[in-house]
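First chain A sits with chain B, and in the next complex the same chain sits with chain C.
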Partner chain A sequence: MPQGTFCNTTPIGTEDELKALLGDKGGAQYYEEMKELDVDSDAIAALLEKTCQSRIRTWLEICAHCGMCADSCFLYRVNDRDPKQVPAYKIQSTLGELVKKKGKVTNEFMRHCVDVAWSQCTCCNRCGMYCPHGIDMGVMFSYLRGILNSQGFVPWEMKIGSGMHRVYNAQMDVTTEDWIDTCEWMAEEYEEEWPGLEIPIDKEDADIMYTLNAREPKHYPEDLAEAAILFHLAGENWTVPSTGWEQTSLSMFAGDWAACKMQVESVYNAIEKLRPKRVIGTECGHAHRATVIEGPYWAGREDGLPPAPYIHYVEWVAEALRTGKIKIDPEKKIKEPVTLQDSCNYVRNHGLAKATREIMSYIAEDFREMGPNREHNYCCGGGGGFNGIGKYRKERNKALQTKRDQILATGCKLVIAPCHNCWDAIRDLEEEYEIGIRWSFLKPLLIKMAIVPDHLKLPEE
Partner chain B sequence: MIAFLTGPMLWVSLLVFFGGLTVRAVMYVRGLSWQLDRVAYKPHMARGLRGAVHSIRMWLIPGGTYGWRQQPFMAAGFFLFHIGAILLPLFLIGHQELLQMAFGFSLPTLPSSVADTLTVLAIIGGLMLAIRRIALPEVRILTTTYDWFILAISVAPFVTGFIARLHLGNYDFWLTCHILTGEAVLILAPFTKLSHIVLFFMSRGQLGMDYNIKRGGAKRETAFPW
Partner chain C sequence: MAEITYEGKTFEVDEDGFLLKFEEWCPEWVEYVKESEGISEITEDHQKILDFLQDYYKKNGIAPMVRILSKNTGFKLKQVYELFPSGPGKGACKMAGLPKPTGCV
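Showing the complex of A and B:
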């Protein structure tokens, strides 16, 4: 059987296809079909010829096989230094072989590549910092995922994720109506407590356009309300777009580059339509990676930049605290020891370590760094789609031990994680290992600590 | 034999070496693509180049990076071997005499005591790299016959040259071995992993540009902490 009903080379195109795929619980049939899926060697060879150029070819060729990257990879360390987890080994035995054999590989080999690409690398890019030749295995694994995806070899959840983007322009089934309803509902819900609170939709020429993660309207609508409250407190002139509000990209984790382009263009179109002075994204790492760092390239923007200045939520918070747009009540600062998760996606890969430290200096009395930290921090354990793939749950849970031990070493019971993926991973690690910690985004903490200016207070107060 | 090896053969080796490596470097740069690499090289060239220089520089300083500091044994082996591998072929008095004969000019030379020390250290460095390949499971799993060949052929000119210099055994034999292995390195360099002699600068430079252009160069207040 060359192409399965569910596992095949055709991306999801319609809502019905998506629902059918979702109906295959846990991907039972999907993974059975994958075992029979044909490998189109000529297509792989052609793709490699076209896309595997200087940079990656050179990386594969000049790798000194020195193993300096081994210790840099948290997955190597946490899996008892299994030599099979050495970054260079992982990539040479997958992408390296694929290139060497010019795509003439077996179905079994492809499935092995799937396991390695999605369960032995979170694309955190840490290894690239420790390789003397500057070889970045995270970049190569992301590239490998794209090749595997083009042949239909992709974990079930990843196919669903990128299918969601293709069907709904969002990582979850949130339609435009759902989204607008949620905005209106949240504005109403919180208006009583915050007189004058609004969630303005499609306002043109605002100072700020806000974009977010579909999980927020779908499962945590309070997060949207909290964003609104903080913009309200800071007196910002802001808006959300009715379409193009979804900033994340599970298609990036899936290696579905066409879907990545569609997704990010929906956001850029909103920017071009509404002409905000700048765009602010929610507390999410991979959303920032997808829309601010990689997105411009998917969309073919030669300057490598989004259509308007586009910043991460932590940059806005740091600025709001610095300029006094939001003032913290000294009495309400966090007194207990608190630590901070550095998201690889915007810290290692976008240099925002300073912004979060600045925030901590305003809100925490006893801020304790994890070690290592900043650019050198370890992945939370669930990045690159790892969190969401049922088949690799065991491996993911093992991977969480790195962060568990980093947190335990700080002695803190509270972890601030301004990243959805990291937040999930830390929640799951508490569930799995019960070390008695709490975790939080910044928004709810800031609202508790902020001084409410008189004109925004409830009349009775 | 020796006359041929230090005459026409030397010419050929040097030509292949310099010509070949230049071609590799040019091909590398030509194969870069802002779309495939997802790095907007041209619009941010100045910032990119600063990142490239920083990335290369830090890795050429012993202890300059987290990587070198965390792996002192590796760092020692690497620098001991490479300092010799670069300085000795260029500044050895014997080589300069050849240069003088062939081209009528020469570079400054190393005093022989320094040259001898560097040679011994380079051989020790090479041995340290070999020991890692045997002793460490994470290096063993990566090591192929090809790696052993490259390491052996790279260390061979130093070992054979040193034996000849000490006049152990048959001088002409060891000298011939020295010249042969030395020229083998030159000729093989463009076609093997030894091409890293230039591609190291390309690859390191590229990642430096990547970080300085796309991955936070405009946001980070300090240079990237390699």
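Showing the complex of A and C:
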């Protein structure tokens, strides 16, 4: 039966368990234990019976093996068109086999599925647009991740990530006290430059409730301050919740369905408690997918919608520029050629390509599209958790070549990436391939370009 | 896992170049990392941050959030970035011998 000390079927439940797992650096012991982990075929069969429903079963059956999905997959293309990277092959040889064999598979097979599910598919969903039957391998790989996770077969960092959600209600160790302290700290530090700047906490009936990614308070608090500055400039009546502020879901990448539900419900509870007119999420792709697109279903919401209208940051920026809430100084527009990364999670999966292009029309004089773009854009190379899994760094770095070549073809040295995951992947591709580019979220660029209304200026100005 | 040799010392590093064994940390490691981090000279201020990161890590097994770092060292966020241009979560942790933070970073 061997259940490992670290690699096992029990989700992380306490801070001590989390720290013990973190202490196994790089998952050295964890992955050794995974080799011995038993496969409970009956449990897999029961889970498949309960959760593998008509859509996925139909998709697995009707695949005509036509190969149209092959070229749609950037991982197939970047890996020398290896037939083993054809999306249909990837899913048929993993989930397809698992279903066919009703869970009667070996440990070795399960570990093979882990490699395919987390290093050969970023769940970017591009293949679904090219399949004549509309079969979406990304959806199926997300599902496979859940089956694997239920048996303890999940990359080390993913188990940590979903464990963080379970312990802290955030993908990182940020407690409510730390979060509130960070909000107060950022407002205080930036008020020197922005008189009257506030980060209002738990304000009821505000026009906007803002949610973000735990990496912001944990490692990049300036991102929170920048959001506050832009709301301040736009004169918005906004707030952040003291709990339920974390919009992301590493549990989604990990396939930890119970943690997905738990996490998104913390956000929905905050919405119900504070009753904002609408909610705005930060410049993050997967947070939007987790909380706006998939979250309502995890939480069992009958209307398939969050408790209040919930928009992505780029939608708010486009609106703020359109309505003149934020005005751009024409002299400060970006003069150099600049390109834009379309995040799969809110562009392909939620149709927001127009919003980002509208923003570019206000802020850039020489905006150049990547090719392909909009819904057809390629994944940054690090989506779906790929960036964060050390074991697959070599494969991830290879995957980054697609984005590198797309960027090089534009001739731009500046890339706007309104998604944390894309931003990280583009930073990492610069570190790896040194092509001489810079990358940025929208917020810091907008602050540099915005016209500051007189009443918000520093007194000595 | 890769090995790096610098000034007669050998370091085991992970796939992102972070020290795999905290106990292998030594001043030579700082010298090795500082160049790639764009830091010309390690000042007392750098040292203060490195010391705090190491103390916190020894006690908690994880890197502190920036607020805790700022509170305990007295540096404002801007100063932290001036000292460690690639940011506290990356450059400073790497130099202090902490593992790469997990999650979306």
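Basically, the second predicted complex is superposed on the first by the 460 of 461 C-alpha atoms of A that agree within 3 Å, B and C clash if a C-alpha of one lies under 4 Å from a C-alpha of the other, contacts with A are read in each partner's own complex, and residues count from 1 in each chain.
Assume a residue touches a chain if its C-beta (ideal position, glycine included) is under 8 Å from a C-beta of that chain, and two chains touch if they have at least 3 such contacts.
Nothing here was measured: the structure is a model prediction, and the numbers come from that model.
A.B. asks: Look at A:432 in the shared chain and tell me whether it touches chain B only, chain C only, both, or neither; answer first, second, both or neither.
C.D. replies: neither
A.B. asks: Please work out whether A:38 is in contact with chain B alone, chain C alone, both, or neither, and reply first, second, both or neither.
C.D. replies: It touches nothing on chain B or chain C.
A.B. asks: Counting only touches as set out at the top, which of chain B and chain C does A:135 meet: first, second, both, neither?
C.D. replies: Touch partner of A:135: chain B, not chain C.
A.B. asks: Touching A:405 in the superposition: chain B (first), chain C (second), both, neither?
C.D. replies: Neither: A:405 stays clear of chain B and chain C.
A.B. asks: Is A:218 in contact with chain B, with chain C, with both, or with neither (first, second, both, neither)?
C.D. replies: The answer is second: A:218 touches chain C but not chain B.
A.B. asks: Quick check for you: in the superposed arrangement, does A:173 touch first (chain B), second (chain C), both or neither?
C.D. replies: Touch partner of A:173: chain C, not chain B.
A.B. asks: Between chain B and chain C, which one contacts more residues of chain A in the superposed model?
C.D. replies: With both complexes superposed on chain A, more residues of chain A are touched by B.
A.B. asks: What is the contact status of A:387 with respect to chain B (first) and chain C (second): first, second, both, or neither?
C.D. replies: Touch status of A:387: second partner only.
A.B. asks: Touching chain B and also chain C: which chain A residues?
C.D. replies: In chain A, nothing is touched by chain B and also by chain C.
A.B. asks: So in the complex, the part of chain A that touches chain B is made up of which residues?
C.D. replies: Residue list for chain A touching chain B: 51, 53-55, 57-59, 61-68, 70-72, 76, 81, 83-84, 86, 88-89, 92, 128-136, 293-294, 296-297, 300, 302-305, 348-354, 374-376.
A.B. asks: Note which residues of chain B are touching chain A in the complex, please.
C.D. replies: Going through chain B, the ones touching chain A are 27-40, 42-44, 55, 59, 66-67, 70-71, 74, 78, 129, 132, 136-144, 147, 193, 195-196, 199-200, 202-204, 206-208, 210, 213-221, 224-226.
A.B. asks: In their complex, what parts of chain A are in touch with chain C?
C.D. replies: It comes out as residues 19, 22-23, 25-26, 157, 160-161, 164, 171-174, 178, 181-182, 185-186, 189, 213-215, 217-222, 225, 248, 250, 286, 387-388, 390, 393-394, 420-421, 424.
A.B. asks: What residues on chain C touch chain A, complex-wise?
C.D. replies: 1, 14-16, 20-21, 60-62, 65-68, 70-71, 76-78, 81, 87-90, 99-105
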